[in-house]
């Protein structure tokens, strides 16, 4: 297995899929000669040529809108949004068309479009370079949402997204793009959509998280274990829609306690959906209130303050201790 | 043209009779729609807005399908690949990027066909129109953008959209060729579209056609144009309407006589009467349809919802 | 008190606010001579002139974007989106700017912008005329969201939205626009944002809902009462953000059971937030699992099927009976 | 101009020293920025993009504020009304409608001032640009739209945006007057902006100015232009850069001598050194700030979050 960073694994996944299927193409701002501002598409222009790795005009609704037309024409476009907040101009195309085209054609037309973007904060950037927009996409029926947290999953989920006949939004935690290098399976590697994974086993409480927050969750669990306070299970959702409900319910059935961690603002964030699942179908197993540890209900702040905004291991530990006291 | 007209006029009647829902009238735009589609090859794609809801008639789509659309019945949706007609775009301007993308996709595949998109004057104000045009120009795709400037976006006159009188001026900003034609003259439309399509297929890039018409009818069945339109202007436009004009031209040329005209009319009427009846006798749609078309690979939770909904409530 | 329909009450509220404050103006597609496609702005052009009741180009991002500039210039713009799904092109302006301008200026600049739109289905319309987009707006920090369900609340919430110094999205249930005529206070009438109201008192379970679903909730509660099965409390949230958490928690503390009803798709819908609130802070009061009765996770269907999609009194009764069995 | 240049060059240094974050370089665009703002009256509004982050210097804003912005410090944000300079727009093109709206608002109030918006070549592809221009044209607002065509949107050349070489052609589609000028000549810029602003204030409607420059520097400190730019082209552009050109012109005219030049430079350097030091000695931002500026009337839950967050964790 090669050792690589998360963004290298994204690149590897893209290359694998483009080599496998000639209908796969990449389009976005600066994805060609520059290889993307994070180099996620580095080398693809040279390898697959300018027809399949395309620099576009600066127009996100145009990128997703033409991708819909390209898909109708039989292509499998992968759109890069340069940063997550610059996907907002394309929300109309996603909500009005991409998510509905199959339904609208009575199931005749597939929309195998992938929209991938770096998301989340912690990189000392100016505003609107650090949003966590997953809830917008998760609330769009017809769209699937994947959020890798490790290099191997990044490669595998990219592959799954590209092969899926339905549109998939892949949110790549930019703070983890180069945070560490890890082994990634060589050659074809595929992580099924809709399958969460337990990244740490435990018995006393379940930490449910995804994407950029996994290291925070892991650190909090580690701390409680080191202190001998509790063994906390960490569940990485990996895809938000379809949500792996069984994995959530099974873990909480075992531990009786749940803390949900995400970076996006709390209100109507994706954590609410997980909490709602527990309130609907896990309540008899719960031995304590559910807790959400999230960004606050304000815009992502100026970066000198971002460390106070992003959920910290401290805040997660505090929430865990609270539910463990029940 | 007559079939479109008959479809349109019958639709207004059927709406009044409660046989279809709200309906977007295209009376007076038949020359544009028929002229444009007749100029295309069968392999060329068409991207309609709600204003061209019956465009499928021109490629042999059954009238029943179209009436079913306005009846909110699932059978009203077709497979776009079967007819090379995209799904009707309801949000104004939003399909312009799709047309650009399809044309780009054809070009990348080396297919020798082109794409035609219909939209209105109001659509030229939308960001989606702009981004679609921008892509089409940047990638020099084989597309023909047909703007039906019918003077109105519901109650808003064209000049109130951006202060531009001639929408063809918009082409300049994309480095596209643009022409302005009389959209009520089917021959002028056919010629302009044929030229543009030929050039597009030959790699000459996209083109913009402003077809000048007039919406001498309400925006849709729910609209009340007396609030904003000058009745005299409407009367004048109705007198100049495209079908009468074309019929008298053909009659003068001796191509058409009264008998032929009424024959065509009767045939169209029979087609539409048959269409609405066929639409009405479609089986009640199955609520399972709600669940079964959104995803190729539906989430488990959705399948569970379907099963419990279907069983528990028997869809009262 | 005058008796009027919900859409007439909206009109009355707009007129009241425009008369009260010369900085208030209305802009949108066809709001002038036509008075809006639903006549919500009927007569305002004649009364306040073309500078304060303005027909705009067909460009929703332009409407909201210029409203931001107008607010910077001291105006209090009320934007009409013709239908809710046509607000999607403006989401970028809402998420990137309208919600952040105050924060971005260190609190110096107020954004007293109102965006009002008809929302929801049940009106036999073509697609994209019947979405329920409240969750998108509720997940935007900096934005408040109001959802009146009665003529009186429509007038009062419009007034509150216009006077609020922060941006407010008002979602008006179009299915109720002309559903019934009810008494509406004459003259100034104001319903504070962030206050839910109990529209029916009960002891056995709480139905939590808003906007278009209130009549459905009321019918379900009535049915159980008639049958002598249960007395169900009906809570109309009226504003989603700020959410009246105390009203939710107090009612459920009393009844021990909660069913949440909305028309939007379930996953990551606003009902998840209410359920999460209960899982976090109401769990010790809950005597049964929470249930959500919502639209399904698919696009709003062709209208011949809409009655199978919109939550019905039957479905709500079934959910109530289920939680009452615990 | 020299102050802008000094600010810019120092910022690149400060970034390397870790004293500010990622920084968007505007080296070579000083003539455009200074020429444009000098042509305005103090009551006129300016809507900058990230590329004009230091535009406030020209109206007396302390350099410390600007460095604080790039340090991600709350003190980097100003009250737009105080300087009549809107907040820096980070999403490309998205502030064009704001400028149109502000200009419209001034017009409705009968205020005799105008609005100037800066944006790049890439911005002209965005739907937001289009909708803002459309509104400005439709409402004939007093606005001057200044497009800095610096040949590049990060790695994408202007011609790849929409196939148009002369961006001034975009004005035609809005029925706006447009001019194309040398954006490296401060006098040409000042004259063009003064004309446009005068006309706008007099009710002559909006105008579009394409200012041709060249981005002879990386897009931002994180960028690597060697991947896409021809070094020879960059070298040539750096030789033609605006300040040197203007200085020799002024020297030839006898307005400026070497001593004056170095005096201006020293002063600017001192100003920037003072600015960064002031920015660095700002007190650590208080995390309460996160909660206190979003709403005028914050939801109760947010106040509760603030209180519990501040107390429970003491913001480690």
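The chains carry the letters A, B, C and D, assigned in the order they are written, with residues numbered from 1 in each.
Everything below uses one rule, namely that a contact is a pair of C-beta atoms (placed from the backbone, for glycine too) under 8 Å apart; a residue touches a chain by one contact, two chains touch by 3 or more.
Because the structure is predicted, anything quoted here is derived from the model rather than measured.
> With one step meaning two chains touch, work out the least steps from subunit B to subunit C.
When the steps are counted carefully, the minimum from subunit B to subunit C is 1.
> Calculate how many whole Å lie between the centre of subunit C and the centre of subunit D, each centre taken as the average of the chain's C-alpha atoms.
39
> Report the inter-chain centroid distance for subunit B and subunit D in whole angstrom, where each centroid is the mean of the CA atoms.
43
> I'd like the Å distance between the centres of subunit A and subunit C, where a centre is the mean of that chain's Cα atoms.
30
> Specify, in ascending order, the residues of subunit D that touch 2 or more different other chains.
In subunit D, 74, 77, 91, 94, 125-128, 130-131, 134, 138, 160-162, 294, 299, 301 touch at least two other chains.
> At least two partner chains per residue is the criterion; list those residues in subunit A.
57, 59, 61-62, 85, 88-89, 92, 96, 100, 103-104, 127-128, 141-142, 241, 243, 267, 296-299
> Line, ring, star, complete or other: which one describes how these chains touch?
Basically all the chains touch each other, so complete.
> Over in the complex, which subunit A residues touch subunit D? Could you list them?
For subunit A paired with subunit D, touching residues are 29-30, 32-35, 37, 55, 57-59, 61-62, 85-86, 88-89, 124-129, 267, 296-299, 301-306, 308-309, 312, 314-315, 318.
> Tell me, which parts of subunit C touch subunit D in their complex?
Within the complex, subunit C contacts subunit D at residues 25, 51, 56-57, 59, 61-62, 64-75, 89, 92-93, 96-97, 100-110, 141-142, 144, 164-166, 194, 241-243, 245.
> Could you pull out which subunit D residues touch subunit B in their complex?
For this pair, the touching residues of subunit D are 125-131, 133-134, 137-138, 140, 160-165, 169-175, 205.
> Could you list, by residue number, the parts of subunit D that touch subunit A in their complex?
21-22, 50, 69-74, 76-77, 90-94, 122-123, 125-128, 153-156, 160-162, 222-224, 227-228, 284-285, 287, 289-291, 294, 299, 301-302, 305-306, 309, 312-313, 315-316
> Within the complex, which stretch of subunit A touches subunit C?
On the subunit A side, the touching residues are 61, 85, 88-89, 91-92, 95-96, 99-100, 103-104, 127-128, 135-136, 138-139, 141-142, 241, 243, 264-265, 267-273, 275-276, 278-281, 283-284, 286, 288-292, 296-299.
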